[in-house]
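Each of the next two complexes has subunit A plus one more chain, namely subunit B in the first and subunit C in the second.
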Partner chain A sequence: MGIVVFFLAAFLAIVSALAVVSQKNPFVSALGLLGNLVSLATLMLLLEAQFVAAAQVIVYAGAIMVMFLFVIAYVGPRGEIGPGTRKPWQVVLAVVAGLLVLIQIVLVVWTTDFGKPASVDEAFGGPGAVGQAFVTDYLLAFEGVSVILFMAAVAGVILGAGPRPKRLTTDQVMAKEGEAEARRRAASRAAIEAAREAEPGEVR
Partner chain B sequence: MIEAPNVVVLAIAPEISLLVGASLVLMVAAFLRGRDRGIGVLLGIAAFAVSGGFAIAAWGDPPVVTVAEALQVDQLTQAVRILVAGCGLLTLLVALGWPRMREAGAEYAAILLFAATGMTLIAGSNSFLTLFVALELFSISLYVLCAFDRSSKASLESGFKYLVLGTIGSIILVYGAAFLYGATGSFQFDGVAAGLAEAEPGAWLVALGVVLVLAGLLFKIGALPFHMWVPDVYEGAPTSVTGFMAAATKIAAFVALARVLAEPLAPVRDTWEPVLVVVAVATIVVGNVAALVQDNVKRMLAYSSIAAAGFGLIAIIVGGEAGSRALLFYLAAYAPMAIGAFAVITLHERDHRGVTTLESIRAWGFERPFAGLALVVFLLGFAGFPLTAGFLGKFLVAGSAVESGWAWLAVVGAIGSVIGIAYYLRVILALYDRSARSGVHAAGAPGLASVSIAIALCLALVIAGGALPGIGIDWAGEAARVLAAGR
Partner chain C sequence: MVDGVLATIIKSFVLVNVLMAFFAFMTWVERKLIGRFQVRYGPNRVGPFGLLQPIADLGKMLQKENMVPEGSRVKLYMVAPLIAMTCAIGAFGLMPFGGVATIPFVDYQFHLYIADTGVSLLVVAAIGSLGFYGLMIGGWASGSKYALLGGMRAIAQLVSYEVAFTLAVIGVIIQAGSLSFVAISDAQVPLWFIIPQFLGFLVFFVAAVAESNRPPFDLVEADGEVVAGYHTEYGGMRYAMFAAAEFINAITLSALGAVLFLGGPNGPFLPGPLWMLIKIGAFLFVLIWIRATLPRVRFDQLMKIGWKVLLPAATLNLLLTAVAVVYL
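Up next, the complex of A and B:
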């Protein structure tokens, strides 16, 4: 059973990953990424990492993907990548880099002895065990990440907030209105003067 | 029942005071709507002083490993805490001279305090997890500080470039740490060291992990071939931030690299030593040669800081007690020169209302005699002239290299320094060009006093470090013993 689920999830992960990079429509790419994240979550379930699987679905497939889709929806269909935007050397470089990573992974997996599987107890991978690790063994990293998030929130406000709109006081508003009123009066007076000059007899 | 990990609160008091300071600054800022926010900067200065004070008070205490063995608080950590607190303090003094501080000084101080926290944590990290989290804390803070001047396109571009490239550096580091975890089954430095000592020599997993971790850290140092971001980011960032990056980031990243090489990666010296030798030579050559052709003074100093990173790498390669002592002294000497030089440029940017180039700085030395003289001293310090701290730093590094059989590296460093004199002299000659008249008129301005104080403090440190070398060398030697013992 496990092996069937593994191959199914692995196949879906590869297909959806290919869809992410090969589709021209960013919406389809984003949906491909969604499929990829869900299949990876399935693989994590097979590895007894229930908490990570759940977090993957909730955080990545839920929150982050929704944000992606929002951004794509904002940018609109103009976001589609035309054939002319890619430079040939970029394609070559990407293929070479991808091949290097592939060779590296194959080499590492090939030459490494995975003979000793880790022994895990019943609670491993559950939210309880992960939560406990946060406040015991990895306390400093956990607190550090919370500081990073706090700092990033402050930074978002600093960088994201536009320049403060200038609020006018009541006096300034009244002064502005007064100016506009004076200008209107001056204009109408000028118009009447002009009319008088044009036909002096009639107006009188 | 969950057992709470052992936390020695006094040992992490400097970090706590930095974080409390940051929170306090932000809270005070909330009540300062529309008013002058320079008060936030003053609070930040106080937080740095308290943090540094705690570290000085704990100087000489026996080393402690705390917070579930994630952090080691020893002389080296204390040294970095003192240095970073000093850099932060001077940077805030310089920043006070920047008009934008009136509206956003509190936020600037808070982010700077967060960055400093990350820098002190990375110096004391005892596991790759702590190392990475601390690295991200100060890196992300610095991305924000670089983009802090939202009205300037160059600043935003600098922040964005740093964000994209810096994130790649962080990813490479994590990737490497994951491989090392795969090879040794541990994130803890001692666990990794024990695992690597047993690993079969030449294992792919180990080699990849080592090289990737090195690459990630070299990225932050700005060594070749990961130096591309340095000139653009240094040039575009607000000048006070550039000074802080050149000084404090270098200290934090170099000490982290030294610790990683002396503790977890010590058993695989054969793997990383040749890599570092090539990187060091390339960094010195490219940094110095590229600096020769720059007309923008900030950009020139950026390349000069790349070259300085190459010089620091020599000390890292030498290692041991002499090399580590030389590294620490070199970094400590470099910090006031960098902050001071960029503080002078801040002043010139205000006078000139534009980018500082060799052309715009012409004859400015007569207009502002004190700042001009200070810049001359800082540049001579960079070049390694006697009687400045910079000379002694370079001398210690080269001396330690010669003693331990790396004489040819010392020669490469010396040649680089000779090239360096050429581009530093270009600035000095322009500064006191009698044939030209400075188009810039120096005028008093708010915040000028604090910039001048910062420049004077840096000047005092640079000259004191060169004239009274004993104290500094003893001090660096005490902190360096930690690294020497790890081997």
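Up next, the complex of A and C:
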């Protein structure tokens, strides 16, 4: 049973990951990433990491990917990126980065001793165990991440809001409107004068 | 914790069918009640008291032409209602309906829930938020502006209200000390959480109405503004699946409210499933009552309620609960 689920989820994870990079439409790519996240959550469930699996689906699939899709749908199609638009250094960098990751995976798999499966107790992977780890062993990392996320949120608001428009009092607004009105009148008077000078007989 | 594979499959089969029958019955109840609220009869032609109306509706839906709009993304367009429906039913599957039951004569014991995991509440929240992808994908893949706008509204609404919803629920989690539905129901044996968590309950209820896209928060399909929202381009059985998913979501959230605040399947005299049915029914009645009474809110009002009222209230509730649990 577990084996069948594992291979199904693993296959879906690979297919959806390929879809993310091979699809031309960003919306479909984002859906591929969503499928990948859900497949990974299934794999985590098989590893008894229930809390991480549920949190992954809620946070990444339920909130972050939703915002991705929102932005993609909102901005609309921006034209597909055709071949030949990539710069040579990008290609080189991509190949190098890919090779490095591949080497890392091969090394890890090579040096790992796949003897017997790890034995975990009942509480492992539950919300209690994860919470305990957060506030004891990994408190510094946990707080650090929260500070970084907070900074990111503030920066997002500032960048998104743009320069703040100056607040005017009612008097200032009225004065401004008065000036605009005076300018409009002056402009129309000037136009009439100009017309009179051009054709004195037409305009009385 | 869990029964055998075969027993689970049988239980799932029974639960899905009971849920669909209950859904069909509730659409009749809703139309009948709204009729009564508006001083008219409601459906009364098909069968006794119009009880066969849902079946007639289903027959009509099934016969409709199976059409796909031009300019749509066909595969995604087809699969979107399926996503919405699957997630709606899947989230309901974790609801508890009691403890252990015994089949008479054969003495076979089984649990009155499909699964009770240590993270049930999170799983329901996760499946529920995945269900919104059905709306979003449907709106986008239809290739229509109104459908797209409806889908976007759905997402904006979900993101705004899920925060307050989750914070309101955390109060219950702190008090029960568990995420398992069975444990949460059992923690309410002397006193339902609706009394100590009343503020949390209010926030939960408003957010639940908004999350199930029920009136007065049904801006996703406000007909004066976006025609029918995300399902503008859908017809026949696919439309019916969207409508069913929406109503089943309302049922699921009612069941969630019953478990989190009204003691779940626990109650005197009657068996667990019946108590759940009564509590879900009470929630649904209030939902229908609200639909018949309140006008739809504006979108800016929706956002204001979500961020400026519910979120601070939920945070306050969380803070008070935490202090009370630690120091009392």
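Heads up, the rule we're going with is that the second predicted complex is superposed on the first by the 143 of 204 C-alpha atoms of A that agree within 3 Å, B and C clash if a C-alpha of one lies under 4 Å from a C-alpha of the other, contacts with A are read in each partner's own complex, and residues count from 1 in each chain.
Criterion: a residue touches a chain if its C-beta (ideal position, glycine included) is under 8 Å from a C-beta of that chain, and two chains touch if they have at least 3 such contacts.
Model, not experiment: these values are computed from the prediction.
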Could you look at A:L159 and tell me whether it touches subunit B, subunit C, both or neither (first, second, both, neither)? first
Regarding the shared-chain residue A:F7, is it in contact with subunit B (first), subunit C (second), both, or neither? neither
Quick check for you: in the superposed arrangement, does A:V135 touch first (subunit B), second (subunit C), both or neither? first
Where subunit A meets both subunit C and subunit B, residue numbers: none
Sort out for me which residues of subunit A touch subunit C in the complex. 1, 27-28, 31, 34, 38, 41, 50-51, 54-55, 57-58, 61-63, 66-67, 69-70, 73-74, 126-128
Quick one: in the complex, what on subunit A touches subunit B? 104, 107-108, 111-112, 132, 135-141, 144-145, 147-148, 151-152, 154-155, 158-159
Subunit B residues touching subunit A in their complex are 2-5, 7, 19, 22, 26, 67-68, 70-71, 104, 107, 110-111, 114, 117, 121, 129-130, 132-134, 136-137, 140-141, 144, 147-148, 150, 159, 179, 182, 203-205, 208
Show which residues of subunit C lie in contact with subunit A when the two form their complex. 5, 76, 117-119, 122-123, 125-127, 129-130, 132-133, 136-137, 139-140, 148, 151-152, 155-156, 158-159, 162, 179
